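In the two complexes that follow, chain A is the common piece, with chain B as its partner first and chain C second.
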Partner chain A sequence: MGYSFTLRTIYPYFGDLWQSALNTLSLSLLAIVLSIALGALVALMRRSALRPVRLLGAAYVEVMRNTPLLVILYLVYFAAPEAGVRLSSFMAALVGLTLNSAGYMAEILRAGLIAVPPGQFEAAQSQGMSSAQVLRHVVFPQVFRTIYAPLGNQVIAVILASSLATAVALDEVASWMQTVGSSSFRFFETFVVAAVVYLVLCQSVNIARILIGRKLFPQGRRA
Partner chain B sequence: MTEILALDGLVKRFGSRTILDGISLNVSAGEIVCFVGPSGTGKSTLLRCINGLEDIQGGRISFEGQAVQGNPSAIRAVRKRVGMIFQHFNLYPHLTALQNVMLAPVVVHKEAKAEVEARARALFDKVRLAHRINAYPAEMSGGEQQRVAIARALCTNPHLLMFDEPTSALDPETVGDVLTVMRDLALEGRTMLVVTHEIRFAADVGTRMVFMDQCRIVEQGDPRAMVAGAQTERARKFLGTIHG
Partner chain C sequence: MPTKRGLFLRGALVAAALLTTSATSALAQSGTALQQILSRGTIRIAILPSLPPYSKLLPNGEAEGYDIDIARRLADALKVKPEFVVTDIAGRITSLQTHKVDVTIADFTRNVERSTTIAFTNPYLVTAMRMLAPADAKVKSLAEMADGTGYKIAIDRGGTADKVVPAAFPKANLVRFSGQADQMSALLNGQADMMAEDQFYNLQAIKDRPGKLKQLDGTLARAEIAIGLPQGEPDLLRILNLFVDQFNASGDNARLFEKWFGFEQPKIQAPY
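Right after this comes the complex of A and B.
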């Protein structure tokens, strides 16, 4: 007797799946954008002239890379309220995911910063630019160009990691999978559907990233 | 002639290594001072100290009557009035030639874009690159990139131009294009500091030659007279080997 695969039983749940997928998508995209900003700050801290600032940046990266995301999510959602910070499921998931991803983003951005030749900083400084102007107009555009491809890895990692948000009661794709599986008893089908949804989400975002890249960097690869 | 730049007993050290050992120099408006001498004698470092790319360990720098050293806002004020041209051009690779030239006037000097663009286009005519205005640095030859770099420095209307070995990274054919542009600038009466190994250019265009060796100014004077016969043995030997 083989298992007979049928989606018919879980059809009624597909309406909820749309909303769950939107939650996964909005959580992931926000976390990606915010973790790039936070990661940039940490990457700059790691290049600071001040040793304590450098150490703080390095410590942040190591703590975030060496702590399971699940633990961070629990800390933000279940432990932070003890300190008076009470967040919704979505906000807790966003904060946890952002903090975690920023650790990786910082390392990606740091590699991009190292790749900018010292002469670029000197040319910009010699024209009288402030530190912020140097970063904004000369350094970060080059950093983003360098890291645009490796960024794709981290973007997908964030979307997949967002599935852990089910642990803080956020209604996203993984939680849809668990709920529908246990109420329909068609676990195999719901797992497969969830996998397909993640695949489609990741590829859509990745293709969007590539298309945006073509707009941003029209002149092809830098020599 | 009004004095633009005054260096008094400038000392630069990297750790325990001395790079500049008490350099004093005054530069007036309209002078073209060419720094020559063996590599590693601090010529480039001297330029980099003037606009604060290097900090100094002793002495005084004053630019247009204002003390520079150790004061970030004074350093930025100097940088806004001093154009620098680097050996390796250092153009911004993510911007077109035109955008490279326009960036600082718009961002640092807060000038209107249309005004800057008109000035930038005129500068591309001057450096004979009007046809390359929309090219990216990676698409240009070294000589073209260096002429864009000169236009970039000129677009902020600098009171002083500093050239740090502007032709050392170029092949012999394109060196001439860059030197031609520099000759034009000299004819306009621009004040220029030029670190160079092009002794013939220094003799033709320079109003003063400064020979440096072992972290100090060994001799300075009229470039033609120095090339014909320097006072010091050291300068005579160097100019003799490199000349011709």
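Right after this comes the complex of A and C.
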């Protein structure tokens, strides 16, 4: 007995797919931006002169890298209400995804920080710049140029990981896939459609990232 | 010369085509399901892990419940061993479509749309979908909920509730979960105001959590619970229907129901 692959049977559900894809995209982009900010903070903590601050930064990275995102999402959505913090599906997914991705972002950014020659810090300070000015004008521009390619991996990882938000009842692409699959019983069709949607979303974001890279770093070391 | 974008699109199409063909060929298996069950000596049965008293996984990995007992009876009748495959709401169908299991016995509601991709036996139980809410909720009946404005309702992703609840309460805020355990968590810690489930599951849930839950008056939909099997298996369907008919007629079904649910089984045949 063969299976007849017919997309026609799931056409009526394509209307909802648009909103789901928007949810996936907005959740992922927000989580990427917020986790770069949080990751930068943690990366700087790991280079602090104070040992307890360094340890705290390292502990954050290890906790986030060694716990499944699904567990973090469950904690934020199902367990936090017990402590009086009740977040909507979208907010819970955003918080969980950001916390998780920041652990990885911190490591990527730390690699970029290590690659900045120590002389650059000293030279900038000798120009009379404050620490914040050194980071803003000297260090981070170089960090981002170094890490721009590995950042692409993490950006895609966040978009794909956002599919776990289906567990906390967010209507995103993976949720659409399961809901339409169980309603229509056309799982193969919905699996293939979801795969194509993720492929297109990831590639669109990645191509946008490459184009932005060309604008930011006109010569060399771009990817 | 093809552009970069052209190459990318072509690649995506090839990938999609490969996915589809491999999915199709994996499904085309020879030998009828019935012959395979008999020659294998085991019947593979898809079950749900957390839908007491229908089915429940114990900490030691064993399964128990009304559906599990039915599955054991079926295996006995066929003189083969039961092999339980734990799945989720979506897996009840996909595992049949991919022939990973021979039958699904998991509080499975039959309807015409579902029957276009898999087959169902005659029903062994008729139940209703009703609303479960925290005991201290102000609302008492479905009628009070009007169009559902202001209510957050937890439902099974793509289950029967996904059709019935939006139809009954078009303004309600639906939160979709993959399984009863997550719906129950959401209900108990306030992420949802109520959940739509099988009334018999609800009664058990109320008994298991004294003073915490209540069932609202009024029913959402009638549900015929049946055994699911892959489509295009007339021999297996013929034998399963015979099993179900005799299981119903002999009184075995009524006895098993009373054992697990603690009250008399409602009539399986609707008066029409």
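By our rule, the second predicted complex is superposed on the first by the 221 of 223 C-alpha atoms of A that agree within 3 Å, B and C clash if a C-alpha of one lies under 4 Å from a C-alpha of the other, contacts with A are read in each partner's own complex, and residues count from 1 in each chain.
In the analysis below, a contact is a pair of C-beta atoms (placed from the backbone, for glycine too) under 8 Å apart; a residue touches a chain by one contact, two chains touch by 3 or more.
Keep in mind it's a predicted model, so treat the numbers as computed, not measured.
When both complexes are overlaid on chain A, the residue A:Gly119 reaches chain B alone and has no touch with chain C.
Touch criterion met: A:Ala167 reaches chain C, while chain B stays clear of it. Once the two complexes are overlaid on the shared chain, A:His137 sits against chain B while remaining clear of chain C. Legend: residue contacts after superposition of the two complexes on their common chain; A:Arg145 is shown touching chain B, with no touch to chain C. Touch criterion met: A:Gln127 reaches chain B, while chain C stays clear of it.
Contact with neither chain B nor chain C is seen for A:Tyr11 once the two complexes are overlaid on the shared chain. More residues of chain A are touched by C (comparison of chain B with chain C).
When the shared chain is aligned, chain C comes close enough to touch A:Thr179, but chain B does not.
Once chain A of one complex is fitted onto chain A of the other, the partner contacts of A:Val196 are limited to chain C, with no touch recorded for chain B.
Remark: chain C residues 8, 12, 15-16, 19-20, 23-24, 27-29, 89-90, 93-94, 97, 113-114, 116-118, 154, 156-159, 162-163, 175-178, 182, 185-186, 189-191, 230-233 touch chain A in the complex. Those residues of chain A that touch chain C in the shared complex are 1-3, 5, 9, 77-79, 81-82, 86, 89, 166-167, 169, 171, 175, 178-188, 192, 195-196, 199-200, 203. Considering their complex, residues 51-53, 76-77, 79-80, 82, 84, 86, 88, 90-94, 103-104, 107-109, 136, 138-139, 152, 156 of chain B touch chain A.
For chain A in complex with chain B, the residues that touch the partner chain are 117, 119-120, 122-130, 133, 137-138, 141-142, 145, 217, 219, 222-223.
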